[in-house]
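Letters are used for the chains, namely A, B and C, taken in the order the chains are written, and counting of residues starts over at 1 for each.
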Amino acid sequence: MDSSKNSLMNAGLAIGGVLLFFVAMSSLFGMQTTVAQIVNGLDKGAAYALIALGLTLIFGTLGVVNFAHGALFMLGAFVTVMLNDMMTWGFVPEGAETQSVGGFSFGGPKETPYIEHWFGETTGQLIAGWSVPLSLIIAVPIMILIGVAMERGLIKYFYKRPHADQILVTFGLAIILQEIVKYNFGAMSIQAPEPDSLRGAMDLGVLLGFDEGAIRYPYWRLIYFGFAALVVTAVFAFLQFTTFGMVIRAGMADRETVGLLGINVDRRFTLMFGLAAAIAGVAGVMYNPIVPPNYHMGMDFLVISFVVVVVGGMGSLPGAVLAGLLLGVLESFASMQVVLETLPGTNQIVIYLAAIIILLTRPRGLMGRKGVMED
Amino acid sequence: MSILEVKGVNKRFGGLQALGDVNLSVQEKTVHAIIGPNGAGKSTLLNCLVGKLIPDTGSVMFDGQSVLGRTPFEINQMGISRVFQTPEIFGDLTVMENMMIPCFAKRDGSFEMNAWGSVGSQKDIVEHAEEVLEDMNMADKRNMMASSMSRGDKRRLEIGMCLAQEPRLLLLDEPTAGMARADTNNTIDLLKEIKDTRDITIAIIEHDMHVVFSLAERITVLAQGTPLVEDVPDNIKGNPKVREAYLGEAQV
Amino acid sequence: MFGLNGKDTLLLVAVALLVAFAPILMNPFPQGSALEIFNGGYPALMQRFVIFGIFAVGFNILFGLTGYLSFGHAAFLGAGSYAAMWMMKLLTINVIPALIFSVIIAGIISLAIGYVSLRRSGIYFSILTLAFAQMAFQLAQSVLQPITGGETGLQTNLNDPRILPQFLGGGSNVDGNIPKPSLFGLEMSSTYDLVMGPWTFVFNWGYYISGLMLLIALYISIRIFRSPFGMMLRSIKSNQQRLNYTGLNSRPYMLTAFVISGMYAGLAGGLLVAMDPQVGTERMQWTASGEVVLMTILGGVGTLIGPILGASVIKYIEDIFSKFNDTVLNIWFDFLPDGIVQDGFVWAISLFTGKQWHLASGVIFMLVIIFLPGGLVSLTKSIGDRVRRKPARDANDASTTPAE
């Protein structure tokens, strides 16, 4: 009873804080700009939130600090790259003419991708164009498999080891994963664009009653935010309404007692690891069109995600989501021209600055529980 | 004369009243036991005395000075040493090193930058630590890793570490919890010896009545965060209120 | 000797001898032989052995003794480098003011960061240090560009002011070249080649200056380990609660340890610039902080010699593995039957070498933490014990025995 009251109070505080922030920013920059910046920050914040969600889920259930989680995000992104790659695989049909431009032939005869051969040219190209959403379908099983393999093969031996060891061994794993990706796909960023029909931007400002063209928002970023909201809702519903989720939540609160009840928590926790990996993976898949992936994107996101997790409070799922969005929006505000002119460099450091301030004023983060990771 | 004065202390955790208007006076050079059923607020009270918790209202005076708002190390430097329910020692250090740390705290205060000479060159500290180890009958274990000792020995070491500081008030939080009978009796004997040979006040929180009645000169019974009675042991034994408080718990 | 007990003196002397003879010991393979590539005895690499050794020895005073894992020490390394660089640009090319200034600047910055970060412990402390270091890195790349040179970095130039008179290393060189870092005229890059048959041993002045610094750093570290201060730091790692209830204030102890390790990092950063007068922001990236953690763990956390060992091994692997390429490997595995077998071997090894050497470091990282939590020091100890047919002792035994 006491704890639910507490979390209610926390939620109230959070909503109050967000409102206060909104009012303050509106009076500073005007309503229109404020809404524009908030919307701008949401998709990046959503990516932070999704990575942080898995990270904090793993921490809450298994008590493991997983520095390889950013690499899982990166692997997800490269599932799409791989699929794109596979869709260009083709063969040279019999009697194909050598390609020539102005009489100069080059590159040998034209290849026909299998995908166009099987489905016909139009459908094949359509499928290839929709590679990002399509790769979600294969990314989920692949990432669950990777997650489960990671937990069974490595992480489970580290439950009883100090946090420093967990950090270091997963850090090593992250290096290995990113080097493998680098070996296979090279060091450059690789484009994996959204489907043609989802390109372009919508005029969000008009919808909200602002001037025309005030808030132009690419469709894909809108989709990303909606997708993230969907995933977060699904995870929460899963934990709230299924027996499996109930056991997980009970295990997060008190693992030993649940174990004593004769429930095999370990197997469920293994699946949890798979789930967390899948969340990171799909977050990576969908992020492709926003920023082209490269092999070190996982590390770049990891540092910020850890900051997000700690700001939200270690082991708190709502905290991770809240902190992710908050920091994303904050970053967007700090990138405004007017802010950069008065305080140059703010956009680079605002996340860390916010993290430092929150950690010093709220030792357990925004919504952290007592006694987590304080030994 | 009283060395510890607790007046009107209240402490709430959310909706739970952990301590309600606690008054307590511990006389100098006595053994004062605080007993009560589980959840009576004994540990909360103790944490208010050592600076881990700050009471919502009321005052805690040690030797005429308030301890409220001070950190644990400041309160310790005032002369209050605490023994924990599970022995808190430096497990990765040797027994001798464990004993030297309180000796440094006694000699140098809460911080002293002493980074150049070796530990062994501090002759007075070494002597002091060895002396206390002798008193505790632990001189033969001086080079053992503290974590490798038995629970009884760890308890002995912890008490020794507190004594090395020559505190005026020694606080013990269920010092025999989870101990075998033999270890419990050893601990009782040790505490009796301390009480007889040293100029020290002891306040002990205890669940085990055997321990309480072997040691205490005065007993305060705490129930639901409030002192029920305070009296000498003989009067506590027959007190119906105390029986009532413990009903449903182990029989007194 | 020097106020150390016999064992520690022996250790210090052994390290001194290793440092002194490393140019010979690290060059065991004659020139032109197939194994020549494994020679590590050239100045640029040996300088890094000892400089990163200093970095790791300092980091170990914090992490090894107190157990507080900082993920922000790259910031102090970078700060030291920039400080030294500016001394060499503005004051004199002589390395002494540069090194002193780098230690001071790193000390001040670590005092500020440590003061705030140490309000929290555990992972919260790690994240705070990481956040500060990332801030420093991002600022160095953007706002602080006038000081750090941004992404292009800084190097010494011909038209730098160097206001001290010529005999103190000021001014630009008479012959119109950019002056090289020196110690009262003795250039850091000056070497003496000793040719003995097919062997060439290179003795480099800068390496020996750095080596001397390492010995001083190690000596101070030993004294700290054996002092009451070091004992307090170990007690923080063991049981901070007990320490606070024993009347000791852990905060100033921690802060002192943090600043000392920050100053070591600053010295290492300054030396890097003194050896090779250029610096870029990548020196402050968080992967550099991860690297020093790895060095310390690989060698053996909380041991005296471990961090130096770890730093040398990592830098050696980084350097040698990145030199491998397919041509070298093909020559190497020439004895194997041609075709699939040879190609297979070359391919398997090429995964870990050349530009891919990071993969090797990741694998080593994991193997060490999984199988050797005590680091390389514990490995040598258990082998030694097996040879002497003694039961294996606790890995930390040697480092934690009381100093008497």
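One rule holds for everything that comes next: a residue touches a chain if its C-beta (ideal position, glycine included) is under 8 Å from a C-beta of that chain, and two chains touch if they have at least 3 such contacts.
Computed from a predicted structure; not experimentally measured.
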item	value
Most central chain, Cα average position	C
Chain whose average C-alpha position is farthest from chain C's own	B
CA centroid of chain B to CA centroid of chain C, Å	46
Cα-centroid distance, chain A relative to chain C, in whole angstrom	35
Euclidean distance of C-alpha centroids - chain A vs chain B, Å	51
Residue numbers on chain B that touch chain C, as the complex places them	50, 71-73, 76-77, 81-82, 84, 88-94, 96-97, 100-102, 104-106, 109-120, 122, 125, 143, 145, 161, 165
Residue ranges of chain C in contact with chain A within the complex	67, 69, 116, 119-124, 126-128, 130-132, 134-135, 138-139, 141-144, 286-287, 290, 293-294, 297, 351, 356, 358-359, 361-366, 369-370, 373
Contact set on chain A toward chain C in their complex	65, 154, 157, 161, 163-165, 167-169, 171-176, 179-180, 182-183, 299, 303, 306-307, 310, 314, 344-345, 348-349, 352-353, 355-356, 359-360, 363, 373-375
Chain C to chain B touching residues, read off their complex	3, 5, 223-224, 226-232, 234-235, 237-239, 241-249, 252-253, 256, 394, 396, 400-404
